[in-house]
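Next come the structures, one after another.
Next, two complexes with chain A in common: one pairs it with chain B, the other with chain C.
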Partner chain A sequence: MNPWIGFLKKEWTESVKSYKLLLVAVIFSILGVLNPFTAKITPALMENFMPEGTVVNIPEPTALDSWLQFYSNVPQMGLVVFILLFSTLMSKELDRGTLVILLTKGLRRSTVVTTKWVIGAAYWTLAFLLAFSITYAYTAWYWDQSILHHLAFAVSCVYLFGLLMFTLTLWGNTVFATGYGGLLAAVLAVIALFIAALFPGTDAWNPIGLLTSSPGLLTGDAPLSDFTGPLLVSIGAIAVLLGATVFHFNKKVL
Partner chain B sequence: MNNDIDMLIEYLPFLVPLIVLQVGLAIFSAIHVIRHPHYRFGNQIMWLLIVVFIQFLGPLAYFTIGRGDRHDH
Partner chain C sequence: MIIEVKNVTKRFGANEVLKGIDLAIPERTICGFVGANGAGKTTLMHCMLGLIPVTTGTITIAGTPVTFGQTASNEHVGYLPDVPEFYPFYSARDYLDLCAVITKLPKSESSTRIAELLDLVGLSGNKRVISTYSRGMKQRLGIAQALLNRPKLLICDEPTSALDPAGRAQILSILQEAKKETAVFFSTHILSDAEQICDRIAMLHEGRLIFNDDLHRLDEQTSGEFAFTFAHHTIEETRARLADYPAELRIDHGALIARLPGDEARLSFAKELANRGLVIETMQPHKKPLEDVVMEVLR
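After this line comes the complex of A and B, so read on.
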């Protein structure tokens, strides 16, 4: 068997056996249901908590509210949980020392890095599609989605940002070779991007714009061209980080 | 009162999957805690309480940091 496919299978089996598939599937399904649910129940909750006799003037929720919930829940809860689950992909393997045997038998080091990345990316795709399709189904059932602009493109921005964060975590996890290394790299990068976003002019390239400005796409306030820079920077950063991970892992003394 | 029941029925399409997923995950995790009495730290009672009472973050914590590896046995 091709060693690349073989190692990919091993990664897949390991992720299933360590309950990652179960946790990702359950958590992202819950998030998918939670988005339209929160949008729908918020006005009713507000009415209940208002003092008796207050005139409440809360607009009926629309499809937009449901997708705005998606924008706050999936990156804040979903992505954080996802990064936590996959933050020890490399360090765990290094801790156990199981790789040494395989590598001395001729397994290429780049195979280890690329298969781990492909598995993580596949999981993120699955998780994202799950949350997206559940939210889409509920939203289509309860509201009119024709008011939304560029829905597929707007959510793809969140997807790409998630992929960037995962690649960054894998890089940090490989370079520092500790469970916290990857998390630290991801957290510091997000803080740095948010600080950079405070300065004018950075929104032309800052990947954080994929999260913060893309809700404007749904309402039609933000033109698609605003996202060319952040998209290209993110895709470039993913490629560079993946290359850097392979490079660092090649140099690493096991 | 009637109003509350109407409201409950209205939200049933959301509540049923949410409850099934959360309770299902809690039960699955609880069974796992009982059948694999090896933890990286803490004891069985502690993990049982965590997975049953902390919704969806409890099972997550158990499977990521609490569950003992096979070679710990």
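After this line comes the complex of A and C, so read on.
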């Protein structure tokens, strides 16, 4: 076994022993169920909460409503919880000093960064697939999904945005070496992207469009080509941030 | 030489922690690195491990230059930090397995080597996870991991400082055993520990190396003292009868301590005792505790 695989195995064991696997599986399964469930019961709830005698004309929910719930729950609740769970991947090791022995044994610093990124990315993939597949199956049970356009591509945009946020958190966590460093970097970046989105023309590249505009893909209102810029910028940003994390960690005094 | 430190200076901002350190340690020796807390011992060790960059100077370990960050010299080194931290969910064996993978120890060799080391440090058969370990057990596991790849140099930072007497004795005995295969460079402010097992002493004071030589040379440099007891006379009487003798005399722990540097001084003192009718009962070199010697050097 080479050191990279050995350290990845350690990361996996640690994540399982610290209940990350369990938490991610439970939270994202609940979210997967919640999306179609919320879409299904919303009309009934609204009718119940309206004053008696009020005539409401609520259209019957469709598969689109279920997936709009997905867009609301997974990035807002799921991604936030995920980032909180994985926001101290590096600072925890630096605080405790657990890396010192292994680094003096010849463990490459780039191995530490890349294995942590891979384990985080793997967890995000697992979390996303769980929420997606449960939502898909549950939605298919109630509604016809053939009305949806580009479903796989539309949800991939959310997936990529989540991966970008995780990479940014890992970078902040490594540079500032505190639990709050990564969170602060992610929050500030999201605020900056939302502010940038207020200016015309930025939607051609702004990664926040992967979240805010991609529901339009489902309805067929937004052409795929609108997302080329944000997708390329996000992939580029992930690569640059990962490289910057390795660079910073190589220079870090332990 | 296993370690060669040449003119190493380390500054943290305006604070110069290491001031032109020159240090050379031969192979297969145990060198005690003594100095008060804050003298710069850990800083020099971290420089040797490439964990922090030096401001000026060079460090070579087993002929390989130390560089900051990824340093090839670490393949010759085993390191035990002052508070070794491990992954709490692993057992000792699991942790050593991880270390074996990282040091690229061949699979065929690693199992035997791990068993051998767990036996050496008294952790064989212990299947508990590290989170349940005492400080002493962690320290012993720390030594096992440091010796895993048969390093040419073992660097230990205050390995005994937080242990009870039994734990300290165990660690010192393991370090002495390790000397068969490797040089040991260990820092301590417990001078009696250094005195027990070291061949050499390097002494750091306010960022400067003020002594680096064999332990017995440290005694020679400051000593030349002999302890006498006498038949028929009490020590106080003897001291009074030698009041006019031109040598430094004092009473310590029921013996007359005479400072007699060189053979001439010893011969002349023996003659004088005979002339004054003082019969020697016992005579032996007066070995000072290292604490006293260090204080003398610092003065």
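Quick note on the criterion: the second predicted complex is superposed on the first by the 254 of 254 C-alpha atoms of A that agree within 3 Å, B and C clash if a C-alpha of one lies under 4 Å from a C-alpha of the other, contacts with A are read in each partner's own complex, and residues count from 1 in each chain.
As a working rule, a residue touches a chain if its C-beta (ideal position, glycine included) is under 8 Å from a C-beta of that chain, and two chains touch if they have at least 3 such contacts.
Note that the structure is a prediction, hence the values are computed from the model and not measured.
Under the clash rule set out above, the superposition-derived model of chain A with chain B and chain C shows the two partners fitting side by side. Among chain B and chain C, the chain that touches a larger number of residues in chain A is C.
In the superposition on chain A, A:40 makes contact with chain B only, not with chain C. With both structures placed on the common chain, the touch criterion links A:85 to chain B but leaves chain C unconnected. Look at A:19: by the touch rule set out above, it reaches chain B but stays clear of chain C. Of the two partner chains placed around the shared chain by superposition, neither chain B nor chain C is touched by A:112. When both complexes are overlaid on chain A, the residue A:250 reaches chain C alone and has no touch with chain B. Taking the Cα centre of chain A as vertex, the centres of chain B and chain C in the superposed model span 80°, given to the nearest 10.
By the touch criterion stated above, A:30 is placed in contact with chain B alone, chain C being left untouched.
Least inter-chain distance for chain B and chain C in the combined superposition, rounded to the nearest angstrom, is 5, based on C-alpha atoms. Residues 18 of chain A lie in contact with chain B in one complex and with chain C in the other.
On the chain A side of its complex with chain B, the touching residues are 18-19, 22-23, 26-27, 29-30, 33-34, 36-37, 40-41, 44, 81, 84-85, 138.
Chain C makes touch with chain A in their complex at residues 46, 49-53, 69-70, 74-75, 77, 79, 81, 83-87, 89-90, 98-99, 101-104, 107, 142, 145-146, 148-149.
Looking at the complex, you find that chain B touches chain A at residues 7, 11, 13-14, 17-18, 21-22, 24-25, 28, 56, 59-60, 63-64, 67. Those residues of chain A whose C-beta lies close enough to touch chain C in the complex are 1-3, 5-7, 9-10, 13-14, 17-18, 96-98, 100-109, 250-251, 253-254.
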